[in-house]
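First up is the structure itself, then whatever we jot down about it.
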Amino acid sequence: MSKDQQQVIGWTMPELASRVAMDLEDGWFVNLGIGLPTLVADFIPEGREIIFHSENGLLGLGPKPEPGEEDMDLVNAGKEPITLRPGGSYFSQSESFAMIRGGHLDAAVLGAFQVSEYGDLASWKLPNATLGRVGGAMDLTVGSKRVFLFMQHTSNKGEAKIVEECSFPLTAPRCVNRIYTNLAVIDVTDDGLVVRELAPGVTFEYVQECTAAPLKLHASSDMQSEALKVQQ
Amino acid sequence: MSKDQQQVIGWTMPELASRVAMDLEDGWFVNLGIGLPTLVADFIPEGREIIFHSENGLLGLGPKPEPGEEDMDLVNAGKEPITLRPGGSYFSQSESFAMIRGGHLDAAVLGAFQVSEYGDLASWKLPNATLGRVGGAMDLTVGSKRVFLFMQHTSNKGEAKIVEECSFPLTAPRCVNRIYTNLAVIDVTDDGLVVRELAPGVTFEYVQECTAAPLKLHASSDMQSEALKVQQ
Amino acid sequence: MIQKKFENAAKAVADIQDGATLLVGGFGGSGLPSYLVAALVEQGAKDLTVVSNNIGAVSDGVAALISNNQVRKIICSFPVGPHADDLIERLKKGTIELEIAPQGTLAERIRAGGAGVPAFYTPTGAHTELGEGKETRLFDGQMHLLEHAIKGDYAFIKAHRADRWGNLVYRKTQRNFNPVMATAAKTTIAEVNEIVEVGEIDPETIVTSSVFVHRLVQAEAQHEGKVLVNE
Amino acid sequence: MIQKKFENAAKAVADIQDGATLLVGGFGGSGLPSYLVAALVEQGAKDLTVVSNNIGAVSDGVAALISNNQVRKIICSFPVGPHADDLIERLKKGTIELEIAPQGTLAERIRAGGAGVPAFYTPTGAHTELGEGKETRLFDGQMHLLEHAIKGDYAFIKAHRADRWGNLVYRKTQRNFNPVMATAAKTTIAEVNEIVEVGEIDPETIVTSSVFVHRLVQAEAQHEGKVLVNE
């Protein structure tokens, strides 16, 4: 990661988390994947109630506990200690995944190894790995009303992650609705990948260069995004 | 019912309930069907803990409440007010029938219109009825580890209820393990219907006469049952 | 800010259209959302498909919708009781369709609808009249039926207490079909005795999580405790 | 009188035979019945089929059984973590079989096992490597996989408090796989922090009903709170 120039091109990860948070509507139930997506919880705009789901069995995920306040019976899907907000609830795995598979979550914000121009997602296994780590990823992508990806635009080695066709094992086909990267916000549409928004200082041409699938520019997205205030 | 001579031949219904209760083992989870079978709960031998299940969503069914103490949020499968014993629990219909279908109940004690020599049961619909009342009967007969019938040996009109083949719509095939009637206790075995016990004053020949399927007498059941003390 | 409470039952059921599929909780009078049912009788939506375990135990249950000619099809396990006459009459006239399902199959089909499972196999009902015409399959040598999920456009459920987010707790056997139906409808409307602020319900005791509940209505006093055993 | 309490974990697991199928609750260290697992390592039963969501998050989980060469097959969703090396080594040698299942499919298969449902259809995993070789079927034009129930000979589960009958309550996200695994085994053994008299647990708060629990073991103090996040 330290060699990765993209860290300083476009949005920082906290800025991107804030950008994702803007699109989560009041009253939504949202699952945040392990790792980067969990950043989103810190940037919910004032006055909005977003209820976060953790697939290990809770709704109403709160912030990390103060040091010394950790409770090993209260962890998130990454097995890290967390807190429960007032109004939260606990349930078993079968209930948690009934919730997911049954289409009750408004959105899942997930990481990705690759995503295709059709919204196919590869996120659970590297091509030559002995072991995959599927966890709840397949259920979340199949069941959530919307699947948002939160990711660096290219891999650590600078390879395109947005591609014409995934070469890595699929998590689910045709499941991604929107891709948030350090460079742009891109919608997966019937008409292909459409750039809705560019990060400050990033050109459409540059995004296309970093992408191994054809992009279109949305009619109303010819302006640079600049007004993003990170509320931390 | 008032014309029914069988009421006074053999066991009375409370005596029969006591006889059934003797066969329920300590620690068993048991469902009692609507109507006559509910009598069984009143005759559990001292020192035995039997936990009764009600398919509308509870374990640990207690006796009827005192007059004036009825709670309409606490009813049994017959929609009558009941009580909950200490150690009882509540759950939803899906959980209740997962319990039943999943084979977790040790026994169900049910009523019957007809039972065949193979243990086929007909209990939910009369032949010419517009409407049947299946409720949980099919689930209970398929899912319980043991199905016991609690019934008058013949119908109100004196017709045999134990038959070679059921003419009424089936609840489930090959599901009954034991039949308790006012005349006898009869096992359904691979070897046919076997009378294990005769009510006081009732002969094997009389039971056979009231039965439209061949009966055998169990080797050790040549004695009349006489020691049954009704503990009320 | 999340606000699921509607001013009254009439407003909460106002958008239900003709032809909708409606799940109605309750077992007899226990856990029956009778205030919501009464509002729907008033509202008048027709050609409804109604899924409910009982129909005739109490007059202010599904029986009221049948008597008011609002029901095209009923799916239930126990279509008998003191208020079943209107159903029998309409069945004979052919103006209503009845589908009887074993109670556990009914509950599991609704659970499947809420859990994203389109179909499952069950041994219940195999070799019976209720299994006729259904796809069958052997598992471990035993015949099973393929049963399909049930989903509702709306669910009417009854609970004891809700918080502002829609978390629910029930009283005793009031649960019955309510928690499972709550999961299986596009719009779940809960009639509750009490609505409290978020955080006032112990999270360990919540039975229906907020995600399943879309509208809340406070039960009116005159509808509480009105329902008697089989009247 | 019902008495499910065993003197210690060793006695509670003594009859587990070689070749048994074992369900182990927990999600990482949370809700992990580590005292029971330790007793089974001591007991030494071999050729086990183990069903557990994670294997490598903590050393006193399923990883310990793998390292001790007691496992013939493992079914899980997340076979990685700091203690997965022994699994990888045995996979390469071919002495262990691994079946990866999506977490929700795993949970639902176990629920089906406990609920008398031999098989069900799910959209999860269709068109992926994990769906290869499975029977498929279209529902509403979408491909689904047929998934089969999982049942255990034994389940090891962890709960917070039990009563003498075996009713259980959990603490927070300790629930995870525990309540569902409790329903799916011939013999369910619960490791709990506390055993109280019947009636001391509010019936409205019971998560696992007594019918699902066959043996109770009080967790030993040295096993409580020992487990750290991914160590």
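As written, the chain order gives the labels A, B, C and D, with residue 1 at the start of each chain.
By definition in this document, a residue touches a chain if its C-beta (ideal position, glycine included) is under 8 Å from a C-beta of that chain, and two chains touch if they have at least 3 such contacts.
Nothing here was measured: the structure is a model prediction, and the numbers come from that model.
**Q** If each hop has to land on a touching chain, what is the smallest number of hops from chain A to chain D?
**A** Between chain A and chain D, the shortest chain-hopping route counts 1.
**Q** How many angstrom lie between the centres of chain B and chain D, each centre taken as the mean Cα position?
**A** Roughly 36 Å, centre to centre.
**Q** Take the average of all CA coordinates in chain A, do the same for chain B, and state the distance between these two points in whole angstrom.
**A** Centre-to-centre distance between chain A and chain B: 57 Å.
**Q** Provide the C-alpha centroid distance between chain C and chain D, rounded to the nearest whole angstrom.
**A** Taking the average C-alpha coordinate of chain C and of chain D, the gap between them is 33 Å.
**Q** What are the residue numbers in chain C that touch two or more other chains?
**A** As it turns out, chain C has residues touching two or more other chains at 108, 111, 115-117, 122-123, 170-172, 204.
**Q** For chain B, jot down the residues that touch at least 2 other chains.
**A** Residues 84, 90-91, 97-98, 100-101, 142-143 of chain B touch two or more partner chains.
**Q** Go ahead and list every pair of chains that touch.
**A** Touching chain pairs, listed by label, come out as A-C, A-D, B-C, B-D, C-D.
**Q** Please name which positions on chain D make contact with chain A in the complex.
**A** 27-31, 53, 57, 77-80, 84, 87-88, 91-92, 98, 100-108, 110-111, 122-130, 160, 170-180, 207, 225, 227-230
**Q** Using the touch definition from the top, list the residues of chain A that touch chain D in their complex.
**A** Per the touch definition, chain A meets chain D at residues 54-58, 71-75, 79-81, 84, 90-94, 96-98, 100-101, 125, 130-139, 142-143, 169-173.
**Q** For chain D, which residues are in contact with chain C within the complex?
**A** 108, 112, 115-123, 139-140, 144, 169-172, 202, 204-205
**Q** Which of the residues in chain C end up touching chain A in this complex?
**A** Interface residues on the chain C side: 1-2, 111, 113-117, 163-165, 167, 183-184, 198-199, 203-204, 206, 209-212.
**Q** Applying the document's contact rule, which stretches of chain B touch chain D when the two form their complex?
**A** Contacts found on chain B: 26-27, 29, 47, 49, 51, 53, 59-60, 84, 86-91, 97-105, 142-143.
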